[in-house]
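Consider the two complexes below, in which chain A is the common component and chain B and chain C are the respective partners.
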Partner chain A sequence: MTTHLITPSRRTFLTAGVGAGAMAAMLAACGRGDAAPNSGGGGTGTGDDGGGGGPITMRTALWGNADRAQLYEEAAAMFAETLEEDVTFDMSFAELGPYLERLATTAAANDLPDVFFMRDTHVGWYGQSGSLLDLTPYLGDIIQTDQIGDAAIGDGTVGEGVYALPTHYVGQALFYDVEMLQEAGIDGTAITTWDDLAEAARAAHGVREGIVGLDDPTMDNATQRFLEAYIRQAGEEVFTPEGGIGFSEDTIGSWLEFWHQLRSDGVLTPPDVSLENDAAGVAGSMIATNRCALALMSTNHYVQVLPVTQNELALASLPVLPDGTEDWWFFPPILICAGANTQHPEIAAGLINFLVNDTAAGEHTLLNQGAPSSAAVRDAILPLLDDGQRAFVEQISREQEYPRRPFPVRPEGSEEVNASIGRNSTAVAYGQMSVSDAASAIVAESKAAMGGA
Partner chain B sequence: MSALSELSRLRRRGAPASKSPAERNDGKAALFFLGPWFIGLLVIVAGPLAASFYLSLTDYNLLSSPTFEGLANYQALLTDAQLRKALQVTFTYVFVSVPLQLAAALGLALLLDRGLRGLAVYRSVYYLPSLLGGSVAIAILWRQIFGTEGLVNQVLWWFNDIQPFFHIQTQGWVSNPDTALGTLMILNVWTFGSPMVIFLAGLRQIPEMYYEAASIDGASRWRQLLKITLPLLTPIIFFNLVLQVINAFQTFTQSYIVSGGSGGPVDSTLFYTLYLYIQAFTNLNMGYASAMAWVLLLIVAVMTALNFFLSKYWVFYND
Partner chain C sequence: MTDAARADIVLMNAARAAGRRRASWRRFGKHVLLVLGGLLMLYPLLWMVASSFKPEALIFREPGLLASEFTTENYAFGWDFLRRPFSWYITNSLIVVAGAVIGNLVSCSLAAYGFARLNFKFKNLWFAIMLMSIMLPIHVIIVPQYILFSNIGWINTFLPLIAPKVLATDAFFVFLMVQFFRGIPRELDEAARIDGAGHPRIFFRIMLPLSVPALATTAIFTFIWTWNDFFSQLIFLTHPDMYTVPVALRTFLDATGQNHWGPMFAMSLISLAPLFLIFLFGQRFLVKGIATTGIK
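So, the complex of A and B:
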């Protein structure tokens, strides 16, 4: 049998080879985007910091939406105008979950952005791994620290190095519907303890048809900040500075019992509604949509809730344990850092300083990520804020005057601890688990996640 | 003399003394055209497979270099309570939803096979969910439909209103640990279009004369279904079963979207692949996740082998 395959001649082979080479070159060009000759894409640019090296493109990244990205891209451009070098900052963004996944994979490829925002939940991992630029040599030089204080430096300190700095802070707060509490005969400003909160929730429940007394915060799978506040008020920590578990079964049990009692009294959001609301975001929350009288929220959500809510909402500090510690206050930082792979560490440090300390940057970005960490920036933007925004900033400023013990950096495994707390709390809410069993499970699972510590 | 050397001797004897230039060119052409595929196989499939297996033997968090620790990840799998839950969820899903999906697909294929006008339109309409079922959009839609104020509850409220005898309790079906997995099973059953089209093709292959003969003998339609259609369709049922079982083991998007990536509430939608993903990209336990991936491969291989083994007891090949 004779086969009639088309046999490539030398000419066709060469032509194909040239074509393949051209295709490969085109693909490579596509892969690098429209990067400038001295692009810092992937932190691998070749432009030098001393100027004269041609245009430089540096990558920056943040989590959030397109509006936030545009705001910070404009702020970075303002910084670029102050430089002698021809620098362009290329901003990318994504929702928090995909953002963190993208960071992890780019870190694995040693291709982190030059400057990017970092969660306090992850800075310990990245700092320990050597993926981040140690900012210590630039502190007091390129990066000014006199307006942010030692606590801010501590927020990004991992081991011996300072790997990130806070641009903004958020906090935990109590939101309440002023009219609903008045109708229930409760003075919102008098809610200072957890027992006060429970009493107010019972009084306000059903004050209007379908109104829930208090939104249930226990099933949040994310960071469990309210529980963390409760644990610190009890004199314990979620994580020890050594990376172990710092809370007891008794404390977590008393927290779950507090909410279990309210749930038994029928004054909390039903668990199925509560879980759906977690997915609906801040604008769809119970308090924003006027379906509950009281809710624990992140303080910065106040400025997001006010434009969408129909009712008058007030902001108050989180309740405390009457006999608890006084130095429990903590403020989750929004951190900014640089990749260890950046080719332009001094420009990166300059941009970090600009976003942390420069009033022009603060006036441009305002409260998009929280209350500015720099006291000077905070003072500078106050006249630009409306009443609700000012209330948020003033609450953070006021609370930061209280004594604060160090806020340990979250260690590797912290995500598993959060998931365990959320999962077991939800099981209690659905009556699938007793409070004591859930408390035992949380402690056991958390210790296992932290390697038995 | 060993068998191998004998085989080698026979090959040498059978081989031509030398290849012609045309045959040599054929060989080069084959290599030329196979080259890209072979490189792709090595770089895109074999390389990552080997890397994944190596990583499964390491402690690797993506941020630091992997450190070899032998079978520690596989040993940890044995004591992981969440993994057991993920297996329970996944096997429940596979064993309940795949038979229901195939039954729905077969039932509708039998209806459509009765010479309906506009069959092509019906076939396309019913096939559509198969294309969309695994999408993010449909998962979000599902969350809305089965939400506390979703379409299902609205229908139930209406039903409770129009009659006083049966009161059906409404709830957030997706956010309740007792019912969340059920809603995802319904979603899987809804995507019956793909097996339905294959069943339809199989039904068209059954010779009409069998039915004519059965009719003459007085066999009812039901008896024809049991004695002719189903036996002759068993190879197609088997084919669909294997495909859908493998597909169901890889379910990810629906549970990821519906549960917000957590597998909740209370791990009720924690599919194996979702738990693998959480370990890899949330907890950054990439070594452990790699070990999970290999165990999943093993599970799917065993299930497929089991299917093939059992097929000799119920699949009828008309040859």
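So, the complex of A and C:
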């Protein structure tokens, strides 16, 4: 055995350990230290820079992929150029699920980004928890509201405060395959009621080999917008303004029965295929891949479906109940908000205004998140759009003219209600549950999720 | 030898040969089953490989392994899809992984030596508390951690992912090494002590060389777990330039818009390479056992 002259003492022993640790830490710190200038400041990321007239770094965040992040980063840079201060916007982004997890953690640490996009499903919770900046003092001043209307302000109102504003809207729509319906002898433009839809689905089913009449939307447990439309048409609400359950067992039963009938007739997508399609996204959906004749989709998906589909697809408004309410229309908003912890609320409000109202920003981001909430921006971008995009924006603009009663903000626990509806609808689709059992289970579970209200 | 005896031997040989044949058939059957089972397990991976070479539109339209079209477009597109080339994110991951591996090796072995060989007050209590920390789910500790790291300005650096490793916070590996050290005969320490070695010398000269399998296990598993870790990297690294491989891979997807499945599969496959290599080179340290121990 070789002998070393230096016997390590306790001190050198400790130094070795600490040294290795320090080395690892330095390795980490040096690695990409240049990559994120100023953004590692912790706290609000802005705290030390404020007030003194020095450069300001503000953090923004959105959900989506890198394409969307780049568009909005450029739009934020356009806004920064209009400012007197030297402001840099640092954008972080992630897919929706991880995005919400990250938001939850940073909100708990009171370290939310300065300006960020918010789901309408979550604004109620964040608004109530005091994590968001109340925009009320800036409305009509820094943030112009004349082009978005009162309904838009209602979309972000939680209690007494306005905590978010919609930059974009999406909607619900009917997509149909023009040629398939023609071959089935159905005029797609004449589908206005749910019964019309059922009739068209039966006629179109099997019009070509393997073609399903209508895609089954009931197993989607994300948002349940079509059911919400149906409930509002029936004169009820999914959630009451007080945060309770606003729908009856009868209504949800008749909805499930409508789909159950079609499923029994064999004109819906089989449940296994529906589940598989969940992973394939919009581009892999039944209607985009020309495997069905009719489908209920988000209106904005029309823009994503057109480039990948091989057949001619048309866009129409959602069917209605013939004796239902007229003012059921609603548009799920894409909201933008500011963290209550921001050191520069006025710049944050300015960026919100820019992304909501500025036509240059609208012309840059176009329809990436949906149809712009501002009527002026919608009009300004129309000439830049292709036919499919224009059809989408025009449909939203047209539907926005209809009477609309308030669309209650999603209360805390709303996700569980959606999950319950999805779960029980799936059980019905698989024949494991009767329609009436599912309807009463949904009502009972939803009430439990909302604290018995 | 009588005819009868000879006939017996022939019969016995025949029976033995038949037995051998039966045994070899049985072995063949077992292998076929194992291969089929292995292929079944491999199918998702094979599917990912196949899909990474398909045009985007065909991935879900022709879900089989063989596609009508072959393209390497996904690799080119995926490599340059984000703001930086994908190698940037691989480098980020490698930095985090290197820090975590070095940190865990140094700190966990030191902590384990303390628990295994030193005597101090409330040793068992501390050991129990350490073991309990294994059971805390990440969601419980991530918020306090975030507040801490945010206050010292470490968000968007790799430090929150590495510094804790330097402090032996991976209780699983401490436990693993404590158990391993306890298996090393105390007589070795005592012999060293008689020769005048103190704790440092015993640790570096006796324990560490005998613990290569435990160290290799720690290094390999730290590598894999850190390489695949998504949640903490998502939370602590928010600037796109700091993204690691798992976080970067998720930016190919967008539930509310367009998903780039093909490029994601392609980049996933590339990011599997380091894991594959670490297994390939690491496994011999795992099996190279404790046979070298001095005293039986």
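General observations
Everything that follows uses one rule, which is that the second predicted complex is superposed on the first by the 402 of 453 C-alpha atoms of A that agree within 3 Å, B and C clash if a C-alpha of one lies under 4 Å from a C-alpha of the other, contacts with A are read in each partner's own complex, and residues count from 1 in each chain.
The working rule: a contact is a pair of C-beta atoms (placed from the backbone, for glycine too) under 8 Å apart; a residue touches a chain by one contact, two chains touch by 3 or more.
Since the model is a prediction, treat every value here as computed from it, not as a measurement.
Of the two partner chains, chain B is the only one touched by A:416; chain C is not.
Contacts of A:304 after superposition on the shared chain: chain C is touched, whereas chain B is not. In the superposed pair of complexes, A:63 makes contact with chain C only, with no contact to chain B. In the overlay built on the shared chain, the residue A:283 is in contact with chain C alone; chain B does not reach it. When both complexes are overlaid on chain A, the residue A:266 reaches neither chain B nor chain C.
When the shared chain is aligned, chain C comes close enough to touch A:92, but chain B does not. In the superposition on chain A, contact of A:275 is made with chain B only, not with chain C. By the touch criterion stated above, A:108 is placed in contact with chain B and with chain C alike. When chain B and chain C are set side by side, the one touching more residues of chain A is C. Shared-chain residue A:427: touches chain B; no touch with chain C. Within chain A, the residues touching chain B in one complex and chain C in the other are 7-8, 13, 97, 101, 105, 108, 279.
Of all residues in chain B, only 22, 25-26, 28-30, 32, 61-64, 143, 147-148, 171-172, 174-177, 260-262, 264-267, 278, 281-284 touch chain A in the complex they form.
Residues 3, 5-8, 13, 97, 100-101, 104-105, 107-108, 125-126, 128-131, 219, 221, 270-273, 275-276, 278-279, 412-413, 415-416, 419, 422-423, 426-427, 430, 432 of chain A are the ones that touch chain B when the two sit in their complex.
Touching chain A in their complex are the following residues of chain C: 56-57, 59-61, 81-83, 91-92, 95-96, 98-99, 102-103, 106-107, 110, 142-143, 146-147, 149-159, 161-163, 165-167, 198-201, 203-204, 230-231, 234-235, 238-242, 247, 250-261.
Of all residues in chain A, those touching chain C in their complex are 7-10, 12-13, 17, 20-21, 23-25, 27-29, 31-33, 35-36, 39-43, 45, 59, 61, 63-70, 90-98, 101-102, 105-106, 108-109, 111, 279-284, 289, 304, 308, 368.
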